[in-house]
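What follows is chain A paired twice: with chain B in the first complex and chain C in the second.
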Partner chain A sequence: MTAWKASRPLRKLLRDKLAFAALAVILLYAATGLLALFHLAATHYRDSVGPAYSPPGADYLLGTDVLGRSVLERVVHGARIALVVGFVSTGIAIPIGILFGLLAGFYKKRVDDVIVWFYTTVDSIPYILLVLALALILGKGLISVCIAIGITSWVGACRVVRGEVIKQTELDYVQAARAMGAGDIRIMMRHILPNVLHMVLIQASLLFVEAVKIEVILSYLGVGVQGEPSWGVMIDDARIELIGRGAWWQFASATGAMFLLLLAFNVFNDALRDALDPKSAE
Partner chain B sequence: MTSFVLRRLLYTIPILLGISLIVFLLFHVAGGNPVYRMLGKNASPEEILRLTHQMGLDRPLWIQYLHYLGGLLRGDFGRSWETKQRIGEMIAVGLWPSLCLALPAFFLTTALALVVAMLSTLSKGRAADRFLVIASVLGMSLSILALIIGSQYLLAYRLNLFPISGFESGWQGLPYLALPVLIWIANQVGGDVRYYRSVFLEEIGREYVVTARAKGLSRARAMRVHVLGNAMIPITTRVVMEIPLLFTGSLLLENFFGIPGLGNMSVNALNASDFPVIEAMTLFGSVLYILANLIGDVLYAVFDPRVKLA
Partner chain C sequence: MAATQFAYALFACALIACTPSRKNLGNTYRGVLASNLKSFDPAMAQDQYSNMCQFQIYETLLEYKYLARPYDVQPCLASAAPEISDSGKVYLIHMKKGVEFADDACFPGGRGRQVKASDFVYSIKRMCDVRTKTTGWWIFDGKVVGLDAFRKASESLPPFPEQWHPALYDEDVEGLRALDDSTVRIQLTKPYPYFKYILAMPYAAVVPHEAVEHYGEDFLSHPVGTGPYLLKEWRRGLRLVFDRNPKYHHGFYPREGTAEDSAQGLLVDSGRTLPFIDRIELDIFEEYQPMWLNFLRGNLDRSPIPKDNYGEAVMPDKSVRGDMAAKGIALFRQNELDVRYICFNFEDPVLGKQKALRQAMSLAYDAKQGMELFYNGRGVHANSPIPPGLFGYDSTWKNPYSHYDVDAAKSLLAKAGFPGGQGLPEFEYLTVAGSDTRQMGEFFAQCMARIGVRIKVAACTWPEFLERLKRKKVQIIAVAWGADYPDPENFLQLLYGPNESPGENNANYKNAEYDSLYRDMAVMQDGAERSAKIRRMQEILAEDCPWIYTLHRLNELLIYKWVLNHRSHGVLDAPIKYYRIDGALRRSLLPGAGG
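Our next item is the complex of A and B:
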């Protein structure tokens, strides 16, 4: 019974050809990023492989940059950075959001007041400034970017989980679990959490997009990844190449790689929401 | 009405305290001792101790916090480490150029998004609607950094349609603002259209609208008279929600187009690790957001008589 119910949204999602294509693109990026992560691809992204400013062609598929480095290798390495930023910061934000959301929605009263106060406060601070301040204090680099994004972007997930949990605690099955002697933690983890997880999934997917986008801005502002190419670093490097030499390929490659990934995510998110969120059913 | 506003104002006090606490912890506890930075590498231990004592950094944290809070209440944001200017004055100078960019960009984006969303809703399911939705998603997927660099290079540098960068106060500054405003719109309008479209679609499907249509009201008129009025609440929510996003846009756009506003100031401070300026901007931005929220709540009450003001 449960298995059938769980698989229906999944089947709906996979029947949607566009969503399926989007998922395929995302998986392709993930695979590329993983290969780069384990040093199986883009291992020469630091090395000069040919003359500077070679346009795209048979020798250099996406051309070379000012130091003669392969743009293709750099784009692939960028996929790895995007993957790390997306997963790590989502992996930090979502558990925090779930924890606070569960506690607030389940215990209500004082606990709820404090948590709502806390997330309203965090939410009142302009996001970009908070991330920048944190990244500045934690020191430059990939890990601090992930942490900074992670611990500032849990509010959305927390809000959604809190709202859902408040609804769920009113339902009979929670009363039944309590009557059978289940403790608070067991009720939250075993009974309520699985029923709100679909909302969390949507939030996680949205967060991934935001994390990739904000990484580009942080990289441009110089607090992001150091000493290796991310798409943001590439776009920023390419600015000089564009104006100085009219060399458009590094700019186009990084922009294109990022655009395709974000597009796939945006399409997939819509389908995910349609499939999982009963409210959005038209 | 007055008592409602007063109560809402009272409610912002714990939020403001929370923000000051977070910012204090970030910059004055996690940020490390600023004395090292101020005195440089060759400072003697005695000098460090003396300045630490002078600045009150050897006192208990909660006393430091109260002292800090007292300064904020007097409107004292401290001085920039880099330019030694009073930050309050820097903000006062930077505010106008920022508003020159942000206000027109924000209003034009919202207006355009509302019109497009309405057209899209009225032609739901037809080619025009599909086209607008696809265009919105495409726009949402493009990074603002790429959008800025690409259009600055192509439209300003290569085609000379716009000045590359600069700022002038008053009407003669208009050409300088045109491109950043256009980029802002292009970056922001997609998400807005998607949101407003779903708001309109939900509203137009309600029974009272169906009834009005059954009685012979045209789609366009039903949209104007009924849907728009009732959609004002979610529209207000969205507008208020986007206030903090003004910073993201301003930061990069002001920096790229040489607009001497708060965003540019923040980027310069960031490059110089000028903590007090970043700190002041964080506080200032938060207060703006809270004010916007307050106005939003008052507007809810104006648009929806059911919202009790008591």
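Our next item is the complex of A and C:
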């Protein structure tokens, strides 16, 4: 049953050329990021490879920065950070969202009231400030950025899952399962969850994009990753050298890398949503 | 998203702030304040920006000579140099007669009254009252007989706004007395040779008690002084406007100067009554770019040179570029009385114990390249804490560990038992968050990586930084120190054992010989003996290596040529009362400048 359900969206997705290209870009980033993660690429991002502020050219493909470090290596290292942040914070946020969403949607009444109150409260705090505060409490660094983003960005997923679960609990198959004597947990995990997973998938890919963006903003503000080049750190560096010296390459490389990844994700997300939406006919 | 909108809002504010008008310039000086001003209360005169603003309004008994180098002081509200007793401990200061406070609503009838010796005594007592929460108590701490007891007694006073003028102020403090209306007697606990400079610090400014009592907590924004200017307008975060004080007649342009001063046209106005400029407008720019663009358009008369615009303004041979010169812009260069350094915490179990490790790290730091990268080469290589221009500075003396030598560093490290950095933990380099400071940290880490010492660069906010210093929870930090007064003691105290954190000795460095030498030189008049003691202290520091010296900065400013009489001063930021504007020149160089 699962096999049949998955194959139709997959076919639909693969037929979309643009989405396919976007997927290719994402995989390319993932591959680069993985290489950097296992120290197979961009291992010299700390070292001076040439004079300061060399423009892009044959020697330095994307130029060098203030300390003569290769911008290319730093961009690649930035891809690693982006991927780690994207995956880890999504991995934290989605399970929280699913858990609360399932509980609220399934039990309704008081449980729902409490959870809705809770996520409305979390949501009403300006997002960046909350993440900033958490990053300060947890101490700075890559891991705390991931945790901070993770535990503040589950609200969207929770809301969607809750709505969908409320809808599903009214359906016949849930009533049937209940009539057969299945317990709450079994109904939630075995019956309802598989039917809301496609929504979760879309939410996860949206969240990924959001997490990458937030990391860049945090690092730009100086509370993100420390002692490593993230795209946000590079944009912060570039901010001062851009106007004064006209050194545009670091700025262009970091924003370009970020733009391409986010664009690819957005295109892919759209296609994914179209493919998974049961209402869109073949 | 929220952050972006916030950034836009800031940007919009900056735009509004940064459009100084060019209409009807008149006899106006248009300057820059690089940070928000917090207070006009002399008790809070902590940073250079408040010093600069207060200098226009308040006066002290002594003031710095404008042209004299090395730095020296002259009478300001005093009528002559202090009469100092043979012991060096008793100062008798006669005050000028007939100087009046500016007219202000706080005085009966709105007319400012004559300044008396008791005003000085009151001002110091008020500053030392714990309730004013002054940042400047340290300038008198332990130095004046009876003043510490006064401060202690002030702790039992009811908090403000009660008792702006408690009876305690009228009680006699032995070391701080007004003998009559125009004579002050100060008795010191020890013959501090630099006490004359303390009397010239903005903390020691004379304020009228009427203003303090009348304005209460709002005194900080209602300065009432005897100085050359009055505060006309203060739009927080945007701009400050000062008008000439019509009652100011007791300041004169210096008569003495060297042949060089004379050649530079600095003595044209000798002996004339100050000030020459009628109005001062200071625009507040916290970002460099809008300030720089406004300066280039001629909307500001003076500007520092942002690091990344350096190439636009200055040629590689350190002269001002042709197109700048054609606009009438001149370059001024001045040794700053400061030292920038990277400091080891001696409480750290590894860094504090391993002298050879510290020496190796010092040798591995490429100060020259750092100066080039972050200061455009605007600096002097530092061998000791004492900057050029102060007594005790010796340009021929070389610190054996302050040059760049990777090989020597590596062999020292191996000798210390850490070949190639093996066996060493990763050290944390803590700095205040900012793009420049982070880059400096990364540069330090890069230098240390060359000898295998691993450094993690961490950044935090300024309050957090201070807090961690206070609790000694740091390993390696980047700090700077600017002179409070031009005496080497002000720099050497930074490593005096009893000054350890939360004091100013952030290295928590302790060396018995150094401490004893410090106690001697602190109360010694300049001379060969003092010089020898300072030399020995420098040698001890070089050997123990509590700091890696980064540089002594060289301050460079651009200024339009229509500002006459400009000379950079290491202590006074902008003594505008000495400047004169050549209005005709400004009109001819600036199209559209009226008035």
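In the analysis below, the second predicted complex is superposed on the first by the 275 of 282 C-alpha atoms of A that agree within 3 Å, B and C clash if a C-alpha of one lies under 4 Å from a C-alpha of the other, contacts with A are read in each partner's own complex, and residues count from 1 in each chain.
Methods note: contacts are C-beta pairs under 8 Å (C-beta built on N, C-alpha and C of every residue); 3 or more make two chains touch, one makes a residue touch a chain.
Remember, predicted model here, so these are calculated numbers, not experimental data.
**Q** Go through the superposed model and pick first if A:66 touches only chain B, second if only chain C, both, or neither.
**A** second
**Q** Once chain A of both complexes is superposed, is A:12 in touch with chain B (first), chain C (second), both, or neither?
**A** In the superposition, A:12 touches no partner, neither chain B nor chain C.
**Q** Identify the partner contact of A:226: answer first if only chain B is touched, second if only chain C is, both if each is, neither if none is.
**A** second
**Q** Looking at A:178, would you say it contacts chain B, chain C, both, or neither? Reply first, second, both or neither.
**A** neither
**Q** In the overlay, answer first, second, both or neither for which of chain B and chain C A:244 touches.
**A** The second partner, chain C, only.
**Q** Please name the chain, chain B or chain C, that touches the greater number of residues in chain A.
**A** B
**Q** Could you say whether A:48 touches chain B, chain C, both of them, or neither, answering first, second, both or neither?
**A** A:48 sits against chain C, while chain B stays out of touch.
**Q** One more residue to check, A:198. First (chain B), second (chain C), both or neither?
**A** Touch partners of A:198: none, neither chain B nor chain C.
**Q** Once the shared chain is lined up, is A:216 touching chain B (first), chain C (second), both, or neither of them?
**A** first
**Q** Have a look at where A:127 lands relative to chain B and chain C in the superposition and call it first, second, both or neither.
**A** both
**Q** Take the contacts of chain A with chain B and those with chain C, and give the residues found in both.
**A** Residues common to the chain A contacts of chain C and of chain B are 126-129, 217, 221-223, 236, 239, 243, listed in rising order.
**Q** Where on chain C is chain A touching in the complex?
**A** So the residues of chain C in touch with chain A come to 1-3, 289, 306-312, 373, 433-436, 438-439, 441-443, 445-446, 449, 456-460.
**Q** Under the stated contact criterion, what part of chain A meets chain B in this complex?
**A** Within the complex, chain A touches chain B at residues 117-118, 120-122, 124-130, 132-134, 136-137, 213, 216-217, 220-223, 231-232, 235-236, 238-239, 242-243, 251, 254-255, 258-259, 262-263, 265-267, 270, 280, 282.
**Q** For chain B, which residues are in contact with chain A within the complex?
**A** Listed in rising order, the residues of chain B that touch chain A are 14-15, 18-19, 22-23, 26-27, 30-32, 137-138, 140-146, 149-150, 153, 157, 198, 201, 244-245, 247-248, 251-252, 266-267, 270-271, 273, 275, 278-279, 281-282, 285-286, 289-290, 293.
**Q** Enumerate the contact residues on chain A facing chain C in the complex.
**A** It comes out as residues 46-48, 52, 66-67, 126-129, 140, 217, 221-223, 226-227, 233, 236-237, 239-241, 243-245.
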